[in-house]
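Below: one structure in structure tokens.
Chain IDs A, B, C and D follow the sequence of writing; residue 1 opens each chain.
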Amino acid sequence: MAVFEFSFFSMTLHRHTEVTAIIPAEGPIFPGQPPLSDAPFRMLILLHGYSGSHSDWLRGSSIEQLAQAHRMAVFCPSGENSFYIDDVKRDALYEQYICKELPEFARRVFHISDKREDCVIGGLSMGGYGAIRSGFKHPDTFGAILAFSSALITDGISHMPDEPQPAPAGQGGAMGMAPSYFVHTFGKPSGIIGSDVDPKALATQLMESGAERPRLYMACGSEDFLIEPNRDLHRHLESIGYEHSYTEGHGIHSWEYWNEHIARSLNWLDGKE
Amino acid sequence: MAVFEFSFFSMTLHRHTEVTAIIPAEGPIFPGQPPLSDAPFRMLILLHGYSGSHSDWLRGSSIEQLAQAHRMAVFCPSGENSFYIDDVKRDALYEQYICKELPEFARRVFHISDKREDCVIGGLSMGGYGAIRSGFKHPDTFGAILAFSSALITDGISHMPDEPQPAPAGQGGAMGMAPSYFVHTFGKPSGIIGSDVDPKALATQLMESGAERPRLYMACGSEDFLIEPNRDLHRHLESIGYEHSYTEGHGIHSWEYWNEHIARSLNWLDGKE
Amino acid sequence: MAVFEFSFFSMTLHRHTEVTAIIPAEGPIFPGQPPLSDAPFRMLILLHGYSGSHSDWLRGSSIEQLAQAHRMAVFCPSGENSFYIDDVKRDALYEQYICKELPEFARRVFHISDKREDCVIGGLSMGGYGAIRSGFKHPDTFGAILAFSSALITDGISHMPDEPQPAPAGQGGAMGMAPSYFVHTFGKPSGIIGSDVDPKALATQLMESGAERPRLYMACGSEDFLIEPNRDLHRHLESIGYEHSYTEGHGIHSWEYWNEHIARSLNWLDGKE
Amino acid sequence: MAVFEFSFFSMTLHRHTEVTAIIPAEGPIFPGQPPLSDAPFRMLILLHGYSGSHSDWLRGSSIEQLAQAHRMAVFCPSGENSFYIDDVKRDALYEQYICKELPEFARRVFHISDKREDCVIGGLSMGGYGAIRSGFKHPDTFGAILAFSSALITDGISHMPDEPQPAPAGQGGAMGMAPSYFVHTFGKPSGIIGSDVDPKALATQLMESGAERPRLYMACGSEDFLIEPNRDLHRHLESIGYEHSYTEGHGIHSWEYWNEHIARSLNWLDGKE
């Protein structure tokens, strides 16, 4: 499989950034395999979770094999811990990066379809949030959304104080997130509900706009600590009439679950499930 | 030359981060070359500039050859556009990363000297600022500082308003930095002078503390747009009695200048210039 | 997990070569995890199969998680299609590379134990052959061998003609190996049996030498096309009294099988299975 | 600049192989820069020398800046120590790889022109030989050849015995090439002259064929140990009427020389010198 690590100067992040990509461009390896098509590739932008990096999906899942089987060019950007939201204060515009600059760059460099229905966004945990938010906000760009164990945490954060107390020294640990981190990332908690970081509000606006909706595959394990907000978004989408696929099944917040569902979601995308 | 790209989970950045490293560990290639020493390597942490990344020094300079010639293990981290200052609001502690976690990681993984005099920090532009500030704040960690075309911009920023106006839409361009970026990075402008982001204040405190001072090599081209603040720090260091090497010479803000001075500074470090 | 891609000039291959490595050097991520040990790491040299490359194990298996769990530094070299045998005609000495230069390089650069019992060699398919042959030939270097679906094909090749006919044009396909390839790799077929490319002969010599034998874990799926020569070596080892672990179980020549057995073999190595 | 490291399964090498590439696809960084063109990129396949690897040109030269300035997509493959000649005995067909599979792969994956005049091959030392031989043998594929310090050593090797004596033990050193290496690489010395590894013979045949000839830029420093065979090919090309650019100038076998001439040759290619 053709695996790429590349870096380039991002005009929206204002610095060099790195991407892991997989392009299903290899010739037939065994006798009898069909010759390669010259058609442009479909594109899947696949987002990592909090604390992760662009190489996570390649190292953690079978995306390499799946990309070949589904003839899908996969691009995994680095979102640092941004939740894929524009950080205007720091000139680090992650939403613009993954929803506009990266797709354009991919099409300028690689042999990629420019059709909306051939452009998919997916992700896990923080990246599941990013995929859902990006798809709902940019329905003209993305034809489908694949969201696993999505960190749909905005409702919870909306109850935090707008001026958080600093965390006591020595607490937290490497994975503990300070309250200020959430405020910096999502904006003042009191302003979250109904804003453009609120997936339910975005879904409602998308329904009302009459724009073509991205197809949506959502999955979250029933033992995942994020199951409740996933159920909540699922119910909301049902209530407003946004058709989508929703799956739970036994599972925690782990690569085992994500690996199963990236495979199932690509079959679903191709109408095979 | 042995070139390494590696990534690991940083406890101070709260996510995976990437490093380019060069280790002068190859055996004798031509007959007659001396055998390799088993002594631990010296360490140079080498910082990139604004908009850059961990691979800049490898791609832009002759650091690979210099590392071999000076038997120096070189580690180039990614500082994003942080100026290597802790971003407490975002749980992204760049100062702790380059001054504590990275040296410790390097010593745990590689065969690196644990002596202060064998630990050097250097950088260009934003990375020159980072090298100077880090060396002045952590004199027990770093035995020497190599600073090229340093972005000693804190005096200038101290005159900005504490509550910056948003930049007018459409202005700026990819390299234009919004006022809010500076405030987020360095803190309220009115509080900068005398704080721990002010290199002159740090130098004064270091002199007064009686701690052993890092050796310091500063260079900035006379045509560089950053020449005045470099001259200013140079004069300040002279006025307080901080011995250091200071060079200008013809030059702009370019790899040609940095490549010349990384070479000269390593000779200086080894007492050859 | 700390993942490394590095390249260096190999004196035995006479050119730059690349290695993927995993070093279990990260600090405690969650509160309550024990602090890191300063003890040197054990080393596992892990070999890819025919047609593969140094990054195969990282991309195809869970070796990253296993390296952390077992505190084992893993080095995956590139063996091209050499079967890890010295190609003297081309100055490309793969056996010397993996059995001598790479372990020495790893110890010179990284913080690695220099004890024989802390140095393990493993591999799959062509790499399983390489692990077995290397371990049997260099029992002073390797304390253990982990061999999966090993391409123990020398008995079969010994029946080929010494002067192979060229393959008919258009046959073969990308994975078809020409007879000349085997002759180039293993030497004249009539000379294979009893030579140092014959694992059974090497095992017998090792038993007779009285040298300390590497511990050996062998596994091959009962549906693998290589099962018969694996059974044959297993019987030979039993007949000469070389204690070892041998497992079959349901399985074909696939990452699913290798992933299961790299995990089981590391437990076996640590006395947990 | 957009820099790519990628690997894929090569059907002609029968294994995964790695490529370093540079694509001039970044947007305008400073205000006032022209917008990007959507035209396909020209392609330069750029070959490393003996003992090198795919990353040499990126690390050793300014090719990154030059690729942007000339809007040229650059692909640097790994030729190991093959001289870019098919090694039929080992199923490792380097000529087919760089002259057919790699250009096709690049066009299938990236947005690359399919015109002959937009496809250039270049290289240094062993890679200069490879560029010249490939260009002369495949004039329908390559519109131009850039050859620096070319290792035009076939005349010298043609005087070696067909059955070389093994090198005495302990001689040679890492860079010493055994006689058997040359015989394996180029075939029996007595058969070299006039064969398809003989650049002068290929040039003569190309002239006689009437096919369109690749434009040719040759450079070799007057202090280079390879200067004589470069002068010899230059005279031969003059004698048969193959127009070309030939330059010597002060210089040895070094990156300083190659860096100067890759820059000059790209200007020459664009009619600027």
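Throughout what follows, a residue touches a chain if its C-beta (ideal position, glycine included) is under 8 Å from a C-beta of that chain, and two chains touch if they have at least 3 such contacts.
Note that the structure is a prediction, hence the values are computed from the model and not measured.
Engineer: Determine the set of chains touching chain A that also touch chain D.
Structural biologist: Under the touch definition, chain A and chain D have B, C as mutual neighbours.
Engineer: Between chain A and chain B, two copies of one chain sequence, what rotation angle (nearest 5 degrees) aligns their Cα atoms?
Structural biologist: The rotation relating chain A to chain B comes to 180 degrees.
Engineer: Quick one: point me to the chain whose Cα centre is farthest from that of chain D.
Structural biologist: Of all the other chains, the one whose centre lies farthest from chain D is A.
Engineer: Just curious, how far off is chain D from chain C if you go by their C-alpha centres, in Å?
Structural biologist: About 34 Å, centre to centre.
Engineer: Could you work out how far the Cα centre of chain B sits from that of chain D, in whole Å?
Structural biologist: 38
Engineer: Quick check on chain B: which residues sit in contact with 2+ other chains?
Structural biologist: Residues 3, 7, 9, 11, 27-29, 55, 174-175.
Engineer: Chain D touches which residues of chain B in the complex?
Structural biologist: Result: residues 3, 27-31, 55, 58-59, 64, 173-176 of chain B touch chain D.
Engineer: Tell me, which parts of chain D touch chain A in their complex?
Structural biologist: Going by the criterion above, the answer is residues 1-9, 11, 23, 25-29, 36, 38, 101, 105, 108-111.
Engineer: For the complex, which residues does chain B have touching chain A?
Structural biologist: The touching residues are 7, 9, 11, 14-18, 50-53, 55-56, 80-81, 88-92, 166, 174-175, 177-178, 180-181, 183-185.
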